[in-house]
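Letters are used for the chains, namely A, B, C and D, taken in the order the chains are written, and counting of residues starts over at 1 for each.
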Amino acid sequence: MAVEAAPLKQSMNNYDTNELVSVLTAKLQASLPEPWLVDAAKIVLAAIALAGFASVLAMILVYVERKVAGHFQQRLGPMRVGPHGIFQPIADSLKLLAKEEITPRDADRLIYNLAPLLTFVASFVCMGFIPFAPNLQAVRFNVGLLFVLGISSMGVLGILAAGWSSNNKWSLLGAMRAGAQIISYELSAALALLVGVIFAGSLDFHEIVKSQEAGWWIWRAPVVGLVTFIIYTIASTAECNRTPFDIVEGESELTAGFHTEYSSMKFAMFFLAEFLNVFIVSAISATVFLGGWMPLHIGNWEAANRIFDMIPAWIWFFGKVSALVFVVMWFRWTFPRLRVDQLMRFEWKFLMPASFATLAVAAILAASQTYFFAPERPAAPPVAPAPTKPPILANK
Amino acid sequence: MNAPVPVESPVADTYQDYFINMGPQHPSTHGVLRLVVKLAGETVLGVSPHMGYVHRGIEKMGEAQTAMQFTHLTSRLDYLSAHMNNWAWAMVVEQALGVQVPERAEYLRVIMSELTRISSHQLWWGVFGMDLGAFTPFLYAFRDREKVNDIFEKTCGTRLTMNYIVPGGVMEDADADFEKDTRAFLEYFKPLIEEYEQLLSGNIIVQERTKGVAVLPPELAKSYGVTGPTLRASGVDYDVRKNHPYGVYPRLSFQTALATEGDSWARYKVRLEEMRQSIKIISQALDQMPKSGPVRAKLPAVLRIPPGRYLSRVETARGELAIFLVGDGKPLPYRVKIRSPNFSNLSAFPAIIKGWRVADIVTAMSTFDLVIPDIDR
Amino acid sequence: MPDGGFLLTKFNDLLNWARANSLWPLTFGTSCCAIEMMHTGASRHDWARFGFEVARATPRQADMIVVAGTICFKMATRLRTLYLQMPEPKWVLAMGACAVSGGPFYYESYSVVKGVDKILPVDVYLPGCPPRPEALLHALMTLQDKIKRESAFKRKPRPLPDFPFESLPLDPAKDYSGR
Amino acid sequence: MSTPTPDQTPAPPPGLPPELEALRDKLAAVLGTDAVWELKGKLPAFRLPAKAIVSACKTLRQAGFDYLLFVTAVDYPSENRFEIVYVAGQYNGPDQIALVTDIPRDNPAVESVSQVWDTAEWHEREIFDLFGIRFENHRDLRRILLDDTWEGYPLRKDYVDKVHNVVKRPY
């Protein structure tokens, strides 16, 4: 689990976070005697950094959601709380912190308190796997994608536990709906990601991004890339309960779905977990289909690639993710809600066959290497040799 | 594709059914109506509405207030069609006293009522979108509703509970630029209905959730005394403005919006069509209105209601409102009975929702467009 | 800074500032005033600017109840349970003449509670039938000032006025069906 | 029907306007002998004994009056009687007619017409709730508007409410 720098070509781009990590490890080695202490310190540091980043990110997403919703609906979002309402999320979370904790009398106390943790931890752990920049990645796992899929389906347990344990008919209905919906949409989401993996050739996020060096999968794989991207967007919106699939906490039907009985801090955890899910899902989609932090390279057209390299990698990453998050928010404020049985029918009768079909086509394409800028045909060794490029002079 | 689950299907008895309270405080009951729903899993086995949470005893108060004082209570009955309620009360008192209302007042009454009908359907359309889960239509509808409120505010002084139509005519003459504003609003709002169509009707999810849901057969509707757009969506051509013409409606030409399927989608379409018809009525009324003239008939200081029974029937945005007045010669009415459209419309609701799902209760009820204080009086 | 000096010294002020600026109303409208409340939530008089935007449907996550409309005896007991279900720092805004004193139904009506303060401890009274959206915004701002003035920690829950109509339990012996 | 005809003075008119004349003859033939025509005020009505109500309503329904506006009761404490008014209209015709019947005030009970029109079920429940008039073989006669634990029937003229502080108007 140690954060270490993979030997990357210098030419990838010149804003490399390599030095940052090596300087840090050097300083730690100097101060701490045993090597395992160094690793422990690094893990703790990484965890703190991620925790801070996650909560700040959730607050930003809450603020952006309310502002976007406001402007969609021809009204200004929060304005009075700071310049342009910037401190609104701070006020919200502080208030939620100071609220009275209520546990319903005959709720199943243990599970009732455990449930929000479950959902929050599930989405928080996935944060660790997302490659923000060439080596700014908390955990580099060679089966990263599979692990993330496993963890994110853990979130359902939290919702089911919350709904069932809070002894309220509305939340029970919401929880049962959540269980059915997320498990079935998990299926087509996984199939869609599988297509990305077939082209990239590896489950590790880092490899997936590196394999898109010659171009992003979305347009490199002829038609299949785009279709899978669409399927994945639909399935992922359903997975994190966003309209048009938010039957889990449909405000107008079940008063507040599974978190009807949750008050202050516990409700805040559900609230933040939902927004983190949105971020994670769009991050995975960006990584697999839009080439995570990989600048837009068009095959071997050097001039363009060189210009795109100027922008640092993490800006690329956050640009793509915020675009996808905006699309998910866009869904929320335009679409009404589907009914439970229509939602299930849509998934089982339409989305799953579609994703199987794209998977088959993708397998054929990948096997026969017929996608744009595929590595040269004779070179069929497993590891495609990286196209040679003249070394870029250090920071010109 | 949208067929209700046959209630007696084996699914029903494998689940043990349980009761759920769409209680007095529920986001989609638009007020304080409690629906005790018997569920088998998600399928509805039966609904029994419980009312009276906002029963204010208006009929009892009617026996203690003179004819002029009671006007302000009628506009608080169905506050989304305030003008029409006032008109019903004014008409019953005029019928009792045999008073002739001046020409200009009649036209003002028609224009005000049709404007209220448009604003009521706007609010219904916004809240219908919100019940389906899309929040944006709610704000679009209220942006346009503000424009109608501005017109009302200039002439009647208030935005919602107008006491403008009083026995004998109309309280005050219309505002100086009333005509200009109304025409401007008509021009502004005519293309917007197309935008409403695109925003919600064109949406496949809306169609999927409303087509074929909670069908109200015409025979059942007639037997339950359903009136208004809900009835016209089931194919029965009954509109008080046509069947029992009152005011200057015979001089205005308009069609009643009709549909035949009788499901939520038909009710949705009928109301949008009614908005277009109201625009036509207003523009005609504005042209034919005499530019000046008295707006109120001379009335004696104390209105003694002659003994006997009187009945007035008006088409509000939700159906037919009839006020039954029994007088005994004294200034205070002896008995006032208000036949509210929502009361009968709601009575037909439990019969048509069997076999559908929880989400369909919300959709069907918002296409019934209920206003709860009108049910409880 | 628009909200009067952002650098709050004591933590008490900070907490009050946070509570004031993110009051989440419980959607509770019985009659005409509910329409005016919706108008306040809509685009022209937008209350999301003040941070009230998230209107929660469950009492558990709401901070304040805007009692908009007439409260009858049958509804009074339900309203009381709603109030009791809300987590502690909670406020009540009586909107409209009906909630303040029974309004037009003060005389001659047998089933209207003459004012919500007979059921709940009310913080801000807002007269008007129905009050204009600007008036509601003004009332909400006065509620915010009230929150900013009170001390965040020494805040005791307000006592409930005694209301004799705890909904009397239906005694099984009596046959209500009138058959 | 509801625009006031000019010659209609409140006192019982010597000659009926033509359309009321036609309505009266048509319905008198249909309803049979015990229906007495009565026109107090503007709403034409037929007075019937209590037990003939259900059969009269059935014949009315066949005669095309398929729309029952409402059922209501008027309390006359001085004459110790309740007057129950059924107003029926047509969905595709202009006519409207009221059927009126009297029942004693001490234990008021009358046959329910909810078999003829379903809408009568809720209207009769409301009358039972506010007046205390019982309707025989009604599907489920219980209070509709008031709380189940409410004593007394508010809409009666002699209703005195000590529990809920009813404030009388000072003037």
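Here, contacts are C-beta pairs under 8 Å (C-beta built on N, C-alpha and C of every residue); 3 or more make two chains touch, one makes a residue touch a chain.
Bear in mind the structure is a predicted one, so any value in this text is a computation, not a measurement.
Asks: Can you tell me which chain lies farthest from chain A, using the average of the Cα atoms as each chain's centre?
Replies: Here the answer is chain D, farthest from chain A.
Asks: With centres defined as the mean C-alpha position, give me the chain A-chain D separation in Å.
Replies: 68
Asks: Provide the C-alpha centroid distance between chain A and chain C, rounded to the nearest whole angstrom.
Replies: It comes to 40 Å between the two C-alpha centres.
Asks: Suppose each chain is reduced to the average of its Cα coordinates; what separation in Å results between chain B and chain D?
Replies: Centre-to-centre distance between chain B and chain D: 24 Å.
Asks: Centroid of chain B to centroid of chain C, CA atoms only: how many Å?
Replies: 28
Asks: Do you know which chain D residues sit against two or more other chains?
Replies: 143, 146-147, 154, 169, in rising order.
Asks: Would you pick out the residues of chain C that each touch at least 2 other chains?
Replies: If we look for residues of chain C contacting two or more partner chains, we find 42-43, 57, 74, 107-111.
Asks: Among the residues of chain B, which are close enough to touch at least two other chains?
Replies: If we look for residues of chain B contacting two or more partner chains, we find 26-27, 52, 55, 57, 60, 64, 138-139, 143.
Asks: Would you mind giving me the full set of chain pairs in touch?
Replies: Going through each pair of chains, those in contact are A-B, A-C, B-C, B-D, C-D.
Asks: Within the complex, which stretch of chain A touches chain C?
Replies: Residue positions touching the partner: 66, 70, 73-83, 85, 87-88, 90-92, 94-95, 98-102, 251, 255-256, 259-264, 267.
Asks: What residues of chain A sit close enough to touch chain B in their complex?
Replies: Per the touch definition, chain A meets chain B at residues 69, 72-75, 169-170, 173, 243-244, 246-247, 250-255, 333-342.
Asks: Which residues of chain C touch chain D in the complex?
Replies: For chain C paired with chain D, touching residues are 73-74, 106-111, 114, 165, 167-168, 170, 176-179.
Asks: Across the complex, what residues on chain C touch chain B?
Replies: 26-32, 34-36, 38-39, 42-44, 57, 59, 69-70, 72, 74-75, 78, 82, 104-105, 107-112, 129-130, 132
Asks: If you look only at chain B, which of its residues touch chain D in the complex?
Replies: Interface residues on the chain B side: 51-52, 55, 57, 59-60, 64, 91, 94-96, 98-100, 220, 222-225, 236-238, 243-246, 306-313, 320, 322, 324, 326-327, 334-335, 337, 339, 343-344, 347-348, 351, 376-377.
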